[in-house]
Every structure is written in structure tokens, then in C-alpha cells.
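Worksheet: the structure to be examined is printed underneath.
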Amino acid sequence: MSSLTLRNLQKRFGRVEVIRGVDLDVADGEFVVFVGPSGCGKSTLLRMISGLEDVTDGELRIGDRVVNEVQPAKRGVAMVFQSYALYPHLNVRDNMGFGLKVRKVPGPERERRVAEAAALLKLDALLERFPRELSGGQRQRVAIGRAIVGHPDVFLFDEPLSNLDAELRVHMRSEIAALHKRLGNTMIYVTHDQVEAMTLADKIVVLRDGLVEQVGSPRELYERPDNIFVAQFIGSPKMNILPAASAAGFGAQPAGTASVGIRPEHLSIVAPDRGQLSGKVVITEYTGASSLLHVALDSGETCLVVIDGDSPEADARVGLVAASKDLHHFGADGRAQRNLHG
Amino acid sequence: MSSLTLRNLQKRFGRVEVIRGVDLDVADGEFVVFVGPSGCGKSTLLRMISGLEDVTDGELRIGDRVVNEVQPAKRGVAMVFQSYALYPHLNVRDNMGFGLKVRKVPGPERERRVAEAAALLKLDALLERFPRELSGGQRQRVAIGRAIVGHPDVFLFDEPLSNLDAELRVHMRSEIAALHKRLGNTMIYVTHDQVEAMTLADKIVVLRDGLVEQVGSPRELYERPDNIFVAQFIGSPKMNILPAASAAGFGAQPAGTASVGIRPEHLSIVAPDRGQLSGKVVITEYTGASSLLHVALDSGETCLVVIDGDSPEADARVGLVAASKDLHHFGADGRAQRNLHG
Amino acid sequence: MGSLTQSQLRLVKQVCWTISLCIVAIPFVFPFLWMISSGLKGPLEIFGQPSLIPTSFRWNNYVEVFNYQPFARQYFNSLYIAVTVTALTLFISSLAGYALARLRFAGAALVALFLVSALMVPEEVTIIPNFFLIRWLGLSDTHWPLILLPVFGPQGIVGTFLMRQYFLALPKELEEAGKMDGLSRFGIWWRIALPMSRPALAAVAIITFLNSWNLFLEPLIFISSLEKFTLPLALSNFTDPYGSPLWHLQLAATTLAVVPILIVYLMAQRQIIESFALSGVKG
Amino acid sequence: MTARGERAPWLTLKMREAMEAWLFLSPTLVGFLIFFVGPLFAVVWYSLTEWNLLSQQTTFVGLDNYDDALLRNPDFWQVVRNSIVFAIGLVPLNMALALGLALALSRRFPGVIFFRTVFFAPVVTSAVAWAIVWKFLLQGEAGFVNQMLAGIGISGPNWLREPDWAMVAVIVTRVIKMVGLNMILYIAALQAIPRDYEAAARLEGASNWQIFRMIIWPLLGPTTLVIMVITTIGSFKVFDHIYLMTGGGPENGTLVLAFYIYQQGFQFFDVGYASALAMIMFVIVMALTIVQLALRRRDT
Amino acid sequence: AELRFTVWTGNEAHLAMLNGIAESFKEKHPDVTVRYETIPAGDYTQKLTFQLAGGNPPDAGWMMEDAASTFANAGVLEDLAPALNAAEGYDLADFSEPAMGLWTADDKVWGVPFSTSPFVIFYNKDMFDSAGLEDPLALAEKGKWDMDKFQEVAKALTEANGKWGFEFKDGQGYDTRIMHALMPPIRAYGGDVWSNGECGFDKPEAVAAVQQLHDMVFTDKSIVPPGENGDYFSGNAAMTINQISRASLMPDAGFNWGIAPLPTGPGGEAPVIGQAAIVVFAAGRQKELAAEFVAHMTNEANVAEMAQFFPPARNSVLSSEAFTASNKLIPAEQMEIVGDAIAKGSVLPSHERSPQLLAAMKPRVDALWRADANVEEALKAVCAAIQPQL
């Protein structure tokens, strides 16, 4: 019913190609997250699905209906905007009921559905307030509530948490996860925060320049990135990429390996003479729970290392070791070499 | 020469007291970071030091000169604004040279100093550009360059990184640290990002409602917060605070302990029956390197736990243990109990 | 001076500023005082030795104003015409401004250019053909030309542009939310875009209202019946049957025409300034 | 499967949007064509005829009217000169005063609301009232202005009876009337300039004048341009003020184009000639606007 | 049917009288009503033009003398001769010939004058008394009321009272009433402003007359100068020139007053008359009916009725007792002055291009009214400006 199929979907603004042929299948009830660098077309893709942008070429299906030319309101999707887009002149109740009213849902039914959504989102006490009287997190919930009342088949979220402060973001993230669990709807979620992507997604779609780079579960992307771009994009601090020669100390490399990736958290500090690689600590950044070391390798590259306990002084010489299962090998084209342990 | 002394410094806007008596000593060459929640008076304090706000009461010294009534430009301070405040109609060269020009520094000398600063900040290639043609990080460097050319005794930074995206922020952070190392000036830095504070500061000043809550090195604040406010403000995800009763499982508490704090990264998961506390996992958030568990304790509270390796399924029962050195005890007034191990 | 602290210095400066502002304000305020005072004088006293305080207050002037010509009716004409023009302009220019700012269609740039060129053409240029046009439409000596010409003339275009600028700066998301909620385009405009563009609407309303309220050339040309006069015409019409001005009545009437607007302005001044600031009149 | 919400196949989302756009624009465009574009073309035609408004007799005379205006009529050049003098006098004075007031009133201090109201009040006053009052205040000896001047030992001129002073008088009273609007526009623009620029410059040691000259003034550039263009156009359009204050006199000293067009067309009934004048006015205003826009283009 | 009739009076007494005439018209045409539309005097001709050009013509209306030729020549006025001749008992010849001059051409009649009002001197008796001067009426009776005497008393009055000696018509002699200021003295000196297509301003008679006025304004400072208000009716000037209709203002003035003929000059007596007529507009939809109404309005009975406000041009009315008694404000012997002036006077000049003429004159006359002006040069300039239009 509410699966989603994209076939060679394309979008041009004037002569600029923004989406350059995207194929994607989203199963009913799946939580899909779009990530990618700024300007890669995440929002555009989402807006094409919602119908706010028209499709230049390709086919877009929701369920088994081609919806390329169907009006947004008739596609059975609901969208939560980054800015929430709450109507400032309506109170919470009317904001949530607005779409139903426009669609001429009778009053009592409308009341019922708003009340239901409000209960679900713990908004009961706020129904009479106006958006300006709400905190960021509350607004966000109202925006979701507005989406819920229409009983959409598919939920679309465009960076819904990016306006919140760090703490609230963590909290709302888990609320959205809980919501998905309860409703079981198909959800498509755009973010540029990869922690959000990792924690929420059933399936992550990594976009770059209007093309899909990789589709997979968070764990797949973290553990087996298809290419250097995905490898560096997923995970924070980002993966160290060393030329094959500099990384020779880590052990055997598959044929054709041009560079080797290793995540900062997978490196450990040992005495300089016992390390697979060695170098000098340039800066240590203490963050409480862990420290981030910038290590200048003897081969010239700088390598980031995350360590938990006490960190060596700046300028100290250190050795680095890594488990071979944590190494990623990439060919000259940047694609992962899968033959060795893949 | 360029140390800084604040004695009972106060600021009122009309009848509103914004800074309510701040005492602080900053040594020459020290890197001091002001942190605190929004509206606590960080910017106001910084602007008082710069002279952009006048002092209502108290004494402000730079070096051994009382500067309460000295004009901003004559205090020997330079400021980097959150918005950078680059003059949009001047190119980079003129932006950096502006202060020298109005001070009637002769042309060649001006050229020399701008070139010097540009070289230091790798801005050489950008001198002819206008601010609108620069990226966020480049703008930030120009703003710093503008501050440098005046050879100030004290640098003031007001949230200089908050407009940058996460990755660039990490990068510019280390550039500022490197700059401080090279120039050795006194620097005062306002931020609300505590990772920035932790990694940059020699000394952190935690402000709240116009008063200083605690002053100390990052490590002091992380390991020995004076009170619950500081304990929760420093560190991310924030420290779990449990009522003394719920935390009894962790062992002996000093007399008068009302609540016990334990950081998420200091808790470990064990089998339910072997834990000091036990509870049920509500949500697990996988972020690649580590996972964040929301654990509902049997005593009713929710507790966050960061773990590195594989995480238990949601709904699993788990036990939690902590090292007693990682526990923080607070009295009913929220102040740390120091008598047990401190 | 050396002993003055910064805040004391600031206070001194402020006082000096305020005093110089007061001096500059004299030619702005004085005409009003003089007008109000003279409107209470007798016809002889106006020509006598200048003095701001009338020797005796002739409140009767205000009664005579209404007896002399249908002043209440004329006042009402001005008011209803200005209100109508304002309402129509708001309606039409916000529709057009919305389309120009928000809708994508071939020729949008051309239409905008076309309209903007109109801003540079003084009404005087087209007044003569418009005179014949109005005559051909049979609308001479009616209020129609006073409504139609401002609404569709350069003034209306100014409104369209103010609205367009404002809509351009307005976040799109609200309207998109409306679209997702199933609103028609008209519904989006009416129920979302308009309620959000109050500052721009206010700015357009103020400019349009003042323009209509002060319109002189058009009524002079198109209106001939006394009871169809608008205020500016009526004000220049306090003459005796032989053409000599009746200054005291004219000034009393002028006071009546100005003071209410001033009071409204005073009450709304903050919103007025803000609406100009917000609506991007700055260009 | 469900036919719910299937579109009419001939109307794509894009076409629908374009259709809506034209629908929204139609009232403006139709009115604009009828009351503006049409008349503009009509003016061109009229200007080639001799047309008596009263008798309604029309003869085609080619470019005679232009010939008359530009070559034969000695008044014409004086009128153009007057219009230009009026603009040159009014625009800088208006803008300088507007900017000065805006600078003084853009920040909050006690009384700021009062002063803003005072300076804006003449804008909302009808031109008729304004002209009437000033005519009184500017009387020869008995007028208030000259009495005040006499108070400080200056013997004022007979303002409205001497051509040059009359021009000064209409310019100054017009500026006082209209400056409030530009002041508001400048205040709005000033408030949009981030305060940080000023703070940064102050920290770097710039004086108030330097801050204004080197920071504020350049940043006001776009606003200044807009104000300059509207004020210039407005100064060419001025009719009621002159009509009511001086009637174009004395000695035609304040006879400006807009008023002259009115006079020729509606008092002398010479529609053809008036239309030719209107076309000339159109060309002048267009040219000035284009020059101003070009100047602006050059310095950004 | 309804006739639209434009007038420039809003005075209730005037309108009551006019409505009375309309009422009596119903005897013949019971279904006809007349709607009088007041257009302010200042804009009257202008507005009338707009109504005619704007396709909204009234049926009939008043018209001032200065517009007569322009309108007649533009063909917008209807020839009334057929209607007047057809009217029962209507004697067109009863109208004094000079009074009809402006309104007839060949045997066409473009309008019938209803107000033929000579200019007279209004004087403030109190001021004359306090200055110890004989008043103009007394002087006139002795035949000593001439331009020189006029200048002399004006000067004496100014010095004695500290007020102005003389004010031009309604104080507007420098702007809208140039002709009313200049015509009387020029005529008194035996000149004219123009005649037969030739400008008269630069003729010696006119120059002498204007020079005298100029002296009075700038040397004697006895005439209210340009840019000042010295209102006679408010007691700020001792004399003014005006039409008798202005007497209506006098009861409020609060001083003793009288009227006298215009001062004579080298050219002898030369009363100047302002005139207004009733016309029918050719574009009107009910021309015949309107013409018939004009005939009714200007029959002998109605002219006599109107004489209470508007001095008539019918000889039969002028000579009647009823006329001298008609104006309650003015004593009969002073009223005779008026009648006399109507009979002897000549109407203010008119011309088919009078708007252009006035506009062309205006700036040059402005130049005349400067303290340092050379009167002769200035008047030459006036002629140079208007000659092409004549």
C-alpha cells in the first residue's frame, strides 16, 4: 500500500541537473534516511516525492500508483518541514486540524483525530497555545502532529531537528524513533547529521551530486562503505584515509589497493617502537570522556585518533595499531576492494 | 602587561541586572573560555571588556591600567564577532587594513602588517575578494586577521564558530588553538559549545545568570564539578543525576548526599544480576563507534549509557556498574560533597 | 570634561541632540499649531497681528464649515474612496505580487520588467488620454476615476512591488505546508500568504491611503459636483460666492481634515515604521 | 488501483501553476493595459495632432507640436529649467535632511517616537492644507517666517513674490512636507544594518564620522539609490504643491513641467501640445532614471 | 425633465431666488424641474470646461465675461436668438447695447447678461474721518474725485491710520485679478489694454496710469503691496475697489462705509463693468428647453427680481424705482451711482484666447510689481508677450 518506488528520477532547474537519475525502493513501513553533503539534492528529492517539485523525468510511484502529476495533497504523504511551518495565526488545535478542515472532514471526526494525535504526542495541554508560545521541541511535535492527523501513507521529514539545540535534538531523535515504532508508517527522513541518520534509519541512502552513492543499513555503511566518499561521510570524527604506501605497516593489502581507511576510534596508542605506524602527537583535544589526538605520521600524513583514557602530551612520539578487520581498502577509483575480507 | 582583572564587575540594562558581580583573574597569555546557557551574560561580559558596553559598577583592569572609562579602541583589545562583521563593501585587504587606516598608520606599514597577517592565516590568495565571495571558514579567518593586524594585547572571540558547519567547526577549532600557540596572546573566548570549551581552554569560566559558577581547567570541571549545574553543563551526553536513594547500589555516600551523578561514558553494562543497578533498555541508538542506550532503571529514572562494542537489544534487562572514583555526590543545595574523595 | 565618565558624556550628548532636534522640528510643527489656532480665529483676526492664541475662540467656524458646503459628505467621500482604493489595491497588488514572487511561469521576468517601467512614468503623462477614456466610459463626474486610476496606475504597481519583495523574503514552507494540506492556490494566498504578510500589507495600505487621501489632480479634473468633491478639492473651495477665500473656514476645515489622520498616525506610528522596515521598502 | 485523485491527463502540475499565475496577474495586467499602456500610446498619437479640448477639433500636424515646444516657445525652456532647478534643489536637500534625521532617530532614546511623529506628520497632511498654511506663513512682512527672521535681525525677502525666493520657498516647504517618508525609509535601512559593523569599527578606533563615511554610507547605497530615484521622479511630478502655492508664478519662476502640461491641456485646451510636452517629460524622466541606475551599476 | 444649471453661488438667498424662478417656469412646463449646481467661483470656468470636454455637459449656466469669447468661438454655446425671439413678450432690444456687446455676433445671441456690475470704490468712512479727510462720495459730488486726488487721499490715509490706503479687488490684484487692478486706471487715463488686435499696455496713457499705481504701491506705500494681506473688509485698508455685490459683507465689518464711483482721470469718466451672462450649452441634451428657460429667466419680471443681487442690463429695469430700492444695504443715492455706471460703462475686455493671454501676461505683470521695475519697459514686455496671441 505505501511502499515507494523511484525509477530513474530526474530533476532539472533550468539547465542545472540537480537529481540525475535516482532509483530507489522503499518498502512499506521502512524508515529511510537521506544523507549527503549540502546541496547534493536531498531536499529536492524529498520535495519531488511530496509533489512540491514536479518531476522532470523518470517515474515516481507511491503504492502502485504513478504519482508524477498528482497534486501534493492527493498523494497520501505528509511532510514535516525543517522550520516546522506552523501557521503562526492559528493555535495548536487549528494548526493540526487545518488540513482536515480544508479537506472538509466533518467537525466531530476532526476533533477526534486531533485529540488522538495530541494524546500520542503529549500535546493535550498545549492545544490552545499559539506556535510562538511553544518551545522548539513542542513546535516540532505539533508539526509531527499535523502530519499524523491526515493518516498519511508516507511521512516525509526534511531536517526536522536541525533548528533544535544539541540536547533537545538528542531527545527528539528518540521520540521520533518511538513514534515510528508505534505508527509503523513508511518514513523518509532527510538530515545532514549522520548521528541522526545512524540512530534512526532502517536504511540509509547516501546522496552526492544528485546521485545515490550507497544504500544500506547503518551498520553496513559504517562497517562496509562502498567507497571513500561514504567511508568518510559516515562516522565522526571522519575516517583517516592513508595512501597504500603509508599504511603498509598495517599488513597485507589486496591487489590494486590505492589507499587504506581506518577510523580514529579503531586506532590505539602504543609505545612508538611497538606501533604498526608511528608518529608525533601534534595537538590533543581533551573532551572529557575521550581525547582526540592529531598525530603527524612519519610518512607525512596527519591521522586522527580517539582514545578513552589519559592521552599523551603534545609532541610525544607514539605508535599506532589497528585490528585488520577494521581496515578498509580502496582502489584508485575510490571504490572499496571487497575481495580480501568482504 | 596584558593580564586582565575583573573585580565585582556589574552591568545593568535599565533595571535588569545582567552581570551581577564577576571576579576573575586572567594571566598573560592565558586562553580563557566563557561558557554558560543562552542569556547568561557571556556576550555582555565580553563586550564590557572590549568597551562596547560601559561598566555599571566594579573595576576592570587590563595589564595594570583601570580601563572602565577608556575608549574601546584604546584598550588594546581586538574582537572577533560571531557574525564576523566583515564590511561587505570592502575586500579582504581593506577589511583587514581598515583599523590601521582609521588610526592613520602609513600605507607601506599597513601593507606590511596586512600581508603578514594574511600569510599567517593563509589568506594571501584571497586578498582581493569580497566577503560575499568567501566561504564560512575563510570569513572567519579574515575576521581573525582583522583582529591580528592591530597587534592587540588581548583577543576577544564571541562565538566565532557558531555559524560554521560541524566539520568546518572542528577544523577551525584546531586552527585557533594553533594560532594561540603561535601568538601567545591572552585570549578570551565565548562559546556555548562545550566541546569547543573543553578542547581550547586553559581555563573555563562557567557563567549562569550573570554570576560565575565555577572557574577551572577543563579537566577540573569535567572531573570535579562544583555543583550539579556545572556537572550537567560540561560533558555530552550530559551526566545522569540520580536521587541518592536510587543510586544506593553504587555504594557508600558521604553524609548529606541528596543526589549522585554519573556520566554516561562511565557506566558499563553487565548481566542484570551482577549490576550495581539494574534496568531495562528502552532504546539503543547505534552511532557506529559507540551506542547510546536509554535504560529505564528499576527505580523509575531513565539513565543514559554510552558503550563501545555491541549493544544489547531494546527491551533487554541489563545491569549497570560504575567505578566509585567516577561518582559525583551532591548535597540538597546542589553543591558537590567534597569530603569523601576529593 | 576629563572628569566625565562615558555614561555622563553620553547623557550630555543626548541632551544636545535633543535640543537640536527640537530646533529642526520647528518648521514641521509650527504649521500645525498655526493652522489649529487660525481655524479658531475670526476672519479679521487672521489678518491682524500674528499671534498663536486667538483672542476669542470661534468654535462656530467648525459649524460654518459644514454649512458652507456639504463638508461631511465630502469628508465621507474622501474616506470611502481612500478605503476602497486601499482595499482594492491591497487585493490586486497582493495577488499580482504573489504570482510574481511565488509562481513559476514563462514570462515572469518580462511581466516584472514591464510593470517596473511604469513606476517611472508620472501620472501627468497619461492624464489626458485617461481623461478621454473616462469620458468614453461615461464615468465623468463620478468617483470611479478616483478609484480606478490610482488602483491601476503607478501607485498600484508600487503596491505590487512591495508585496512581491515581501513575498520573496517570506519562507516558502508555510505555503508548502498549506499545499500539502490540500489548499488550492487561492486558498494558500488567502489563508496563509496574506495573514503572514501583514507588515507589507500595512505598508502598502499606508502609502495607498495617503496617496488617495491627498489626490488632487484627478479630482480637480474629473469631479465637478460639489457633493462629489473630495477633501483636497473641498479645502481649496472655501471661497465666498465671488471667489475670495474664506481663510478662517478653510483653516478650520483643514484642521478637521488633518487632525484625525494625525491621531491615527500617532497611535499607529510604531507599526508604521516597523511595517516599512519589515516590508523591505528599502529596496 | 484506487482512482482517488487521478489528475486530468491534459493538465500537468506545471501548466496548472502557469495558469494560476496568469489568473492572479490578470486584474493588474488588464487594468494596467487599459489605464496605462493604452493611454501611453494615445499620448504619442495626440502629440502629433492639434486638438482643441473644448471644440474637440482634431487635425494631424505631424511633429509641429514638438517643433513648437523645442524651438519656438520661449517659455518651454524656462519651464524645463525650472523643473530641473526644482529637482536639483529638492532632491539633495530632501535626501540629506532625511538621512540626517534618520541617523538621529534610528536608535532608541526617550522622545524618539515623538520626533519621528513630528517629522512624519506633514507627510500625512494634505498638500492643500500644507500649501494654504505656508502661503500665510510666507507673506511679505506680516508673515510669521519673516517676523521670526526679523526677531533675529534678518530681514526676510517677500518669499512668494520674487521668482528666485519663490522657488526656494516651494522647494523648502515641499521638502518639509515630504522628507518624513524618506526618513522612514532610511530608518528602516539603518535598522537593517547589523550593529556589529559599527561596534567592530569603533573597536578599531574609527570616529563617528569615519564610521558614517566609511561604513554606514556605503551600506546605505541601495537605499539611497531607491530614494534618489523616487524622489527625483516625485519632484518632476509635483503639481498640486505648485498649483496651490504659487500658481507657477511669479514671473513663471516656479512654472514646472507637470503644471505646464496641465495648463496647456486643461486651461488652454491645447491637447496636442500638452501631449507633446508629456512625451518630452516622459523622455526626461526615463533618461534621468536610467542615468541614476547606471551610476549605481558603476559603483558596485 | 430636469435641467442642469450651473452657477457659482452657494449663497442661500441667491439659490432661493433662483429656485423661485424655476418654480414659476412650471406654469408653462409643469414637468420641468431645474437643478442648480454650484461650482466654486475660483474654478468655475475650468470645471465647466471639464464637464463639457468630459461629456457631462450641463444644459445651461452662468458664464463670466472673460470666458465668453473662448466658449463662443469653440462652438460650445447655443445660439439663443431663435428662442428669445420666439418668447412671448420678450423684448431683446430692452438690454442696453454696450451690455450685450460681448454676447452677440451678427444676429446670434450667445448669452443673456444677468449681472452687469460696475466697479465702485468702497471706503471706510471711519478712517476718512479720523484722518480728517473728505470722503470719496463727497469729493465725487464736487467733481474733485480724480486719480490724483485718489493717490493723495490714499497716502494721507496710510499715514494717518497706519493701515493701507487702498487694496485691490479682494487683495488679488497681483495674481488672479490683474485685469481688475489695471483696467480702471488705464481706462481713466483714456487707454485700453487691447483693442482690435492691438496691445494697449505700452501706449502712453496706460503707462502713465500704471506708473501712478506703481508709485502708490512702492513709493507712497499706500496700496497693499504684493505678498501682503491688507483686507479692507477686516478694516486693514481704507478703500478698495469692488462690485456692489460685495456690500453683503459690510454689515459684519463693524465700521461705517460708503461707495463712490471710480476716480476720473485725464480720459474722463470711465466706469468699468464686470459681467456675467446666462448661456445654453450646445452639447446639452435639452437645448430648446434650456433656451426657453433662459428666456423665462431673463424676462422683465425676473430681471427685476434678480436685480436685488445682480445689477441688471435691461434699461427698463435700470431706470425703475424698484432698482434703486432693490439693495437694502445701499442707500438709493449711492445706488444711482451704480445705475449711472452701468449705462456709461464698458465691460472688461474679453478675447477668444483670454486664458492664453492672461497666462502670457501674468509673468510679465509679475515683473512689473517690483519696487525697482521700469514700468514702461515692463509694459512693453507685456505687449510683446501677448501680441502674438491677439
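So that you can tell them apart, the chains are marked A, B, C, D and E in the order they are listed, and the count of residues begins at 1 in each.
Methods note: contacts are C-beta pairs under 8 Å (C-beta built on N, C-alpha and C of every residue); 3 or more make two chains touch, one makes a residue touch a chain.
Please read these numbers as outputs of a predicted model, since none were measured by experiment.
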* Asked: What is the touch distance from chain B to chain D, in steps?
  -> 1
* Structure fact -> Shared touching partners of chain B and chain E are C, D
* Structure fact -> Between D-E and A-D, more contacting C-beta pairs sit at D-E
* To do: List the centre-to-centre spacing of chain A and chain C in whole Å, with centres computed as mean CA coordinates.
  => 53
* Chain centre separation in whole Å, for chain D relative to chain C (CA means) -> 15
* Structure fact -> For the pair chain A and chain E, the C-alpha centroid-to-centroid distance in angstrom is 93
* Asked: By residue number and range, which residues of chain C touch two or more other chains?
  -> 47, 221, 236
* **Per-residue overlap in chain A, given as positions that touch at least 2 other chains** => 51, 74
* **Interface hub residues of chain E, defined as touching at least two other chains** => 46, 50, 53, 229
* What are the touching chain pairs in this one? -> A-B, A-C, A-D, B-C, B-D, C-D, C-E, D-E
* Structure fact -> Listed in rising order, chain D residues that touch chain C in their complex are 14, 17-18, 20-22, 24-25, 27-29, 31-32, 34-36, 38-40, 42-43, 46, 101, 104-105, 109, 111, 113, 115-130, 132-134, 136-137, 142-144, 147, 176, 184-185, 187-189, 191-192, 222-223, 225-226, 229, 233, 236-237, 239-240, 243-244, 257-258, 261-262, 265-266, 271, 274-275, 278-279, 281-282, 285-286, 289
* Along chain C, where are the residues that touch chain B in the complex? -> 5-7
* Residue ranges of chain B touching chain D (in the complex, touch as defined) -> 47, 50-52, 72-74, 77-79, 81-83, 85, 87-89, 98-99, 102-103, 146, 150
* Asked: Which chain A residues qualify as touching chain B in the complex?
  -> 38, 166-167, 170, 173-174, 177-178, 192-193, 195, 198-199, 218-219, 222, 234-238, 263, 265, 283, 285-290, 292, 294, 306, 308
* Asked: Which positions of chain C touch chain A when the two form their complex?
  -> 171, 173-174, 176-183, 187, 192, 195-196
